[in-house]
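Naming follows writing order (A, B, C and D), and every chain is counted from residue 1.
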Amino acid sequence: MSDSQAEPIFSLPVRVYYEDTDSGGVVYYANYLRFMERARAEWLRSLGFEQDVLQRHEGLVFAVQRAEIQYLRPAIFNDLLAVTAKLCARGAASMVFEHEVRRESDATICCRGRIKLACLSDRTLRPKRMSDELLAEIANVL
Amino acid sequence: MSDSQAEPIFSLPVRVYYEDTDSGGVVYYANYLRFMERARAEWLRSLGFEQDVLQRHEGLVFAVQRAEIQYLRPAIFNDLLAVTAKLCARGAASMVFEHEVRRESDATICCRGRIKLACLSDRTLRPKRMSDELLAEIANVL
Amino acid sequence: MSDSQAEPIFSLPVRVYYEDTDSGGVVYYANYLRFMERARAEWLRSLGFEQDVLQRHEGLVFAVQRAEIQYLRPAIFNDLLAVTAKLCARGAASMVFEHEVRRESDATICCRGRIKLACLSDRTLRPKRMSDELLAEIANVL
Amino acid sequence: MSDSQAEPIFSLPVRVYYEDTDSGGVVYYANYLRFMERARAEWLRSLGFEQDVLQRHEGLVFAVQRAEIQYLRPAIFNDLLAVTAKLCARGAASMVFEHEVRRESDATICCRGRIKLACLSDRTLRPKRMSDELLAEIANVL
């Protein structure tokens, strides 16, 4: 793309409920991975793709291969968070996302993640090339 | 059964980890349903039945139809709990369980549950009779 | 209130993500209780009350005392659900809610719940009267 | 330690229940972090330390600072897993663990993790030196 303007980064608002916290008074560390997956799902939907349709029509599913998470500041009960999803690399059968979890009230970055996904056939669970349509859409936002 | 001795009640030890608690300092209310399902799964295993085998060989799966839970005293982080599973009624395609969640250290009853399960075909999701073998084992402990 | 018009029922949209489902292909039964709590939290917020503020300023917290859940039809991955929260009874230190979980695409009722909450002091964990302000707001929607 | 024998690696058996899986038919990716924390908790208990006591007596809590997870093969419903916890580095106020999640039936490695924990004061949430007693025990197994 010769477009000089930066693509806006996709961001999903996530409210912290009791279910997300632990008795340490903060969001339980595994739950940030749930928030990041929600953001990836909504990012894909914003491009016009529903994961249940991709599976039904193309037999395509996504599986996380690698996750690297940095926990910077705790998010707490009732926080309103913004969870970004930014595609930062892709192959024919893989995508790498960077995520930030930011508290809206004071712009604190609570957590950063880098997640690598494999695109798999839902039958064989072996790598499967994304459709041209999906690859084209993704190329636009990369 | 002419046996006058009461059948011992099946009980599963469950340790409370951070994942189970919330920032109120107690076990999150939905998580007792996870504990109760673990107890039902281990009860079934103790009778010699593995749920993945039942599904693969008989196409039989279980689905909760109704749950009634009373929350009596909070369980907290690091508690060792005993979660009982007692079959209290059954039909050809249904089972009703009573559960108690008791803190081991002081015998406090934290939570009681009554859960009704339907036995379903994994293809049609319609009611399916349990096998004679399964029904016979269950009759022994009812 | 002499107003003859029915109060509209509060409803929260909830998307089903992978985290909510199990390998039976449906929403895991305990997770409907998470959805219902999200709806109660947003209902309270819609009346102008934040739970963290209620705790900090009044020492008031809510604890579930009893939950009765009927599972009618399974919700599945990627469903968009509407989760209602309707206050159907209240005392000075208790509230009873009725919830429905409805799939938006075909109006199927997946799950119904009736949940009784106690209002507690966050220090003593004993029953605590709600503030007049909170009771007044609640009276308006009952 | 001049002992030439390798310390056995701590391992916790973890059964996969429906709550741990998703509708992709596999263990949900965030849940391996729950399993790894259970293994760290039991490792610490095996050395004679209870986390609730450490907090009450020393004001010491642990917070994850960084997690790197590799997902190798999916674990599925009803699998019996062995989740190891191996301390591989420590400072006065930090510990680094390596975890493996192995399916017992065929010794498949499903998942590997490397988790860095900070030791914090539960009041200030600032780094806090572990007690000499805890440091001494940990030195023995490093």
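The criterion applied here is as follows: a contact is a pair of C-beta atoms (placed from the backbone, for glycine too) under 8 Å apart; a residue touches a chain by one contact, two chains touch by 3 or more.
Note that this is a predicted model, so its numbers are computed, not measured.
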item	value
Centroid comparison with subunit C (C-alpha atoms), farthest chain	D
Euclidean distance of C-alpha centroids - subunit B vs subunit D, Å	28
Inter-chain centre distance, subunit A versus subunit B - centres from mean C-alpha coordinates, in Å	35
Centre-of-Cα separation between subunit C and subunit B, whole angstrom	25
Contacts with two or more other chains, residues of subunit A listed in rising order	18-19, 24, 26, 30, 34, 37, 76-77
Arrangement of touching chains [line / ring / star / complete / other]	complete
In the complex, subunit B residues that touch subunit D	15, 17-19, 34, 37-38, 41-42, 50-52, 76-78
Residue ranges of subunit C touching subunit B (in the complex, touch as defined)	24, 26, 29-31, 33-34, 37, 61, 63-71, 74, 125
Footprint of subunit C on subunit D - complex, ascending	18-19, 21-26, 28, 30, 76-77
